[in-house]
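Right, one structure below, let's go through it.
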Amino acid sequence: MNPVGRGALTNVTNADYVRDKYAGPHAEQRSVGAMTQEAGRLMAKLVPLADGVAELVRDGDTVALEGFTHLIPFAAGHEIIRQERRDLTLVRMTPDVIYDQLIGAGCARRLVFSWGGNPGVGSLHRFRDAVQNSWPVPLELEEHSHAGMANRYVAGASGLPFAVLRGYTGTDLPRHTGNIRSIDCPFTGETLTAVPALNPDVTVVHAQRADRAGNVQMWGITGVQKEAVLAARRSLVTVEEIVDELTPVPGQVVLPGWAITAVAHVPGGAHPSYAHGYSVRDNAFYVAWDEISRDRDTFQDWIERHVQNAGATA
Amino acid sequence: MNPVGRGALTNVTNADYVRDKYAGPHAEQRSVGAMTQEAGRLMAKLVPLADGVAELVRDGDTVALEGFTHLIPFAAGHEIIRQERRDLTLVRMTPDVIYDQLIGAGCARRLVFSWGGNPGVGSLHRFRDAVQNSWPVPLELEEHSHAGMANRYVAGASGLPFAVLRGYTGTDLPRHTGNIRSIDCPFTGETLTAVPALNPDVTVVHAQRADRAGNVQMWGITGVQKEAVLAARRSLVTVEEIVDELTPVPGQVVLPGWAITAVAHVPGGAHPSYAHGYSVRDNAFYVAWDEISRDRDTFQDWIERHVQNAGATA
Amino acid sequence: MSQYTADEMMTVAAARQLRDGTACFVGIGLPSTAANLARATHAPDLVLIYESGCLGAKPDRLPLSIGDGVLADTADAVIPVPEVFNYWLQPGRIDVGFLGAAQLDRYGNINTTVIGGDYTDPKVRLPGAGGAPEIAASCGEVVVIVRQSRRTFTERVDFVTSVGYGAGPGDRARLGLRGGGPRTVITDLGVLEADPDSCELTLTRLHPGVTVERVREATGWPLAVADDLSTNEPPTAEELTVLRALEATMRAAA
Amino acid sequence: MSQYTADEMMTVAAARQLRDGTACFVGIGLPSTAANLARATHAPDLVLIYESGCLGAKPDRLPLSIGDGVLADTADAVIPVPEVFNYWLQPGRIDVGFLGAAQLDRYGNINTTVIGGDYTDPKVRLPGAGGAPEIAASCGEVVVIVRQSRRTFTERVDFVTSVGYGAGPGDRARLGLRGGGPRTVITDLGVLEADPDSCELTLTRLHPGVTVERVREATGWPLAVADDLSTNEPPTAEELTVLRALEATMRAAA
């Protein structure tokens, strides 16, 4: 049957579909316990960070903490470490220091990514140790290019099962990454590349501000955050500030509260990365991380002192 | 051969490709006569409207004058009528009064669209007369949905030959519009809809401002204008104002001058539509157009008086 | 109770259909008037989405067009049109789609393309599809607002612009349409709802003073009528006051 | 003429490679330094594009990362990352792509993924692809900046992260890669250019004081040398002054 044409519209007796609520990938987003429904209103719930992570990030989940060196949700990542989540599939275009910490702390089983490094500094030693030596646990890799990952989020946000791009051609990536396939244009016959949609169980991002209805506003370099949030079944946004009204800002991305599961007020939640207009990058920390993370003991000591023994707003 | 994998990398002697300049759909954008190159710099050229239309809009072209009731490039459309372009394929999601005028003036041979009406008022009588009575010339239609047209521009802007969407399914549109096809997801097997890229020969839009390097800034409802410009081989942007510096504005879309062929300073060039921050919609004109356009004679008289006998900035 | 017109009753009945806190894809004209009436009365947190790119628009007057500046000025976010369809409509994020119709059949299939003759040589050329095919496919449910007459409520639509329940039960699932389809049709005579078993539009409510016979006369197929047919409450004084004030804003802006 | 380091000569040679008015896709590190040096000297209208979404960034200091706030503050437009790749890179709008490499072969194929061992059990795990595969595929041409050594300039790369000329002439066309490929490789020893016939990287220029023999020793394959081999001009006083001032801004910001 050609599903684009009108097809055979014959009568059948089962009308279940008429009564069914739409149950696509986002059905859960609207019904994650008490978090999305309050007095019948669709809006993000304002929660303490610890509660948000406890309810929204679960063992075994596929989790994206996105950001392009700006607005990296470090505080939320630390809370995930404190709550000892395990077997996570971590997803991100540019896994950096917070992913190094999550990997070193044993939270991750798998990493889906396109570039893993300490931005502006060098390599990620915990990531390397996990890949090269399976410490503290083995880390499976699913490796893409930026163009592929960006388009996978776009497909996920768009409710499509795949995206099409000119990408990967001639590289060794498709030898090792199963879900890179070819697709032919139905008009020109040209062969292009297809990648499957990314639909994280939960996406966590940091933003500058939210209002009390959970509408979120971010600006500066906003990377792929909008797509990562919209692609996810659940979402948690940490913000520098909760305000009465979101006054417009040039370059802003606004995500309506009804498209977000929960918002947590975490000033400084992006440190040591920065929040444009609120803080600057703590570059010394990124440089220091290279030393801290080289050695398993100094790493564990750092996590113990700065994450495990710190509060939820550390 | 699997074009995604490394394939057979065998030696051949022909190295032409190495020397060839990239000659994709946008090659022409960089080399349309003197318009894009000035002293070796890639930037849009500032031109009088009449010159811009004369050089960039040619008989037989596929032309998109885009806008979503805001920033409609009426003045440029009138210049196309004055210069008596013929056999144009007009493309637009929402052909409205300016397309009614172009069609009634005999400029168009074909219309690619998804909704044709006088926005907020009713039907387009010149469009109807062309479809129903082939006056003044027959008008072929290629009809889509908004979702399909928007994705066709996105594919065009992205250098892809087609776009994928959930669309048209079960409707009668694919019976009459040839280029709506089905495509199977290479991962899930699900069948979706494919539409081919739109790459107009020239896209014309109106914007609030440009600077002297031809960087263009628009804000408010910006519709599908960015995609329509980036999908086109050539582009012409009329603006309310030329300024020394484009100060940031919330909600802005900025198109760099090197991605635009030419900019013309045409204050009021969107009248009777509006330019957010500069003018308001002349609703009385839209209402009056319903009467003016019902009758061939009153229409021709109006065009004669308000377009043919008016200057390039009318 | 004030005097009111059939159109006012229709608009009020449509507005009442919208639950607070839901997200609603709004077309210009009757749907926009009804959605803004709902927001100004019982549904202050109704999220209005206009296909021009305005998410969460809160206009203080009725917009003159789908791209009125007041929508951008008051929206939570103004986004590119491709994102409206790809990021918001297509994934099923929008609860209610509000559509009009030039023709409608008993399964809620809608025609806004051509009437009479042939597609290439129609008797009447209409504006076309716009966003409707995908709104009808992907919204949680669809509400249709349309004045009822035999010309509009036809045995078979001349062109399927937007699919309702196709030829009956199971067709939406078979076509892969993920939204719920046209649950409710609001007219100037009453309210029709899709029967959960047969999918057929069934008269469930009459506007005050309207008879079943009159609705049958305005319907081009043998109309199904609900056993528990009820009568709508007439517009309240508040509903009428707010509606008329809204319409006055449009006349003022025009 | 001042004293200068081999890295300074490399950066200056890379900067000179960039023509004014072209659009350049810039990675962080050496490419960013070279591109900003070019903009501060002979190419004031060089358009810098960073994959974080900054089009036409004009930083007054060297950015600390690809997503440094100074890039957003000074850009003509800050756009979402998917648009960088889909609307700007993929259609071939960008003239020059600037890449680094951990390994490079004679056909300019680049490895930034793994070295040694096996993909699943590598000797060294590198950061991975980032934007490079599609930059290498779609930019008008590619310029590679990399320090030259036998470890880096290898007979065969351990992993093809980004395709140069594949296995030689015709391969890019056969793969459907639309950009021109790696025309130029700038190292701390000299400049290699792809031979238009053989596609092989060929030593065309030496930095002052460097011998062909030294470059051969730092190359893991039998190096082709141009008949008209020339020697680069050393950095001018202005180039060195501007370069050092730029690098000082980075140390100050750090």
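Order as written gives the chain letters A, B, C and D; numbering starts at 1 within each chain.
Methods note: a contact is a pair of C-beta atoms (placed from the backbone, for glycine too) under 8 Å apart; a residue touches a chain by one contact, two chains touch by 3 or more.
Please read these numbers as outputs of a predicted model, since none were measured by experiment.
Chemist: Among the chains here, which has the CA centroid at the largest distance from subunit D's centroid?
Modeler: Here the answer is chain C, farthest from subunit D.
Chemist: Count the touching C-beta pairs: is A-C or A-D ahead?
Modeler: A-D
Chemist: Subunit A to subunit C: how many Å between their CA centres?
Modeler: Comparing mean C-alpha positions, subunit C is 37 Å from subunit A.
Chemist: Per the centroid of Cα atoms for each chain, what is the distance between subunit B and subunit C, given in Å?
Modeler: Taking the average C-alpha coordinate of subunit B and of subunit C, the gap between them is 30 Å.
Chemist: List, in ascending order, every residue of subunit A touching at least 2 other chains.
Modeler: 3, 6-7, 9, 154, 159-160, 165-166, 168-172, 175, 190-191, 226-227, 251, 253 - these are the residues of subunit A that touch more than one other chain.
Chemist: Mind pulling the residue numbers of subunit D that touch at least two other chains?
Modeler: Those would be 86, 90, 138, 160, 166, 171, 175-176, 178.
Chemist: Pairwise, which chains touch?
Modeler: Chain-chain contacts present: A-B, A-C, A-D, B-C, B-D.
Chemist: Give every residue of subunit A touching subunit B within the complex, in rising order.
Modeler: Those residues of subunit A that touch subunit B are 2-7, 9, 159-166, 168-172, 174-175, 179-183, 185-188, 190-194, 196, 248-252.
Chemist: What part of subunit D is in contact with subunit A in the complex they form?
Modeler: For subunit D paired with subunit A, touching residues are 28-29, 51-54, 63-69, 71-72, 78, 80-82, 84-86, 89-90, 113, 119-134, 137-138, 159-163, 166, 171, 175-178, 253-254.
Chemist: Where on subunit B is subunit D touching in the complex?
Modeler: Touch residues, subunit B against subunit D: 3, 6-7, 9-22, 24-27, 40-43, 154, 157-160, 215, 226-227, 230, 253-256, 258-259.
Chemist: Which residues of subunit D touch subunit B once you look at their complex with the stated criterion?
Modeler: Residue list for subunit D touching subunit B: 19-23, 45, 47, 55-56, 76-77, 86-87, 90-93, 138, 140, 160, 165-176, 178-181, 194, 196-199.
Chemist: Can you tell me which positions in subunit A touch subunit D when the two form their complex?
Modeler: It is residues 67-70, 93-94, 113-117, 119-120, 123-124, 127-128, 131-132, 143-147, 150-151, 153-154, 165-173, 175-176, 190-191, 220-224, 226-227, 251, 253, 274, 276, 280-281, 283-284, 287 of subunit A that touch subunit D.
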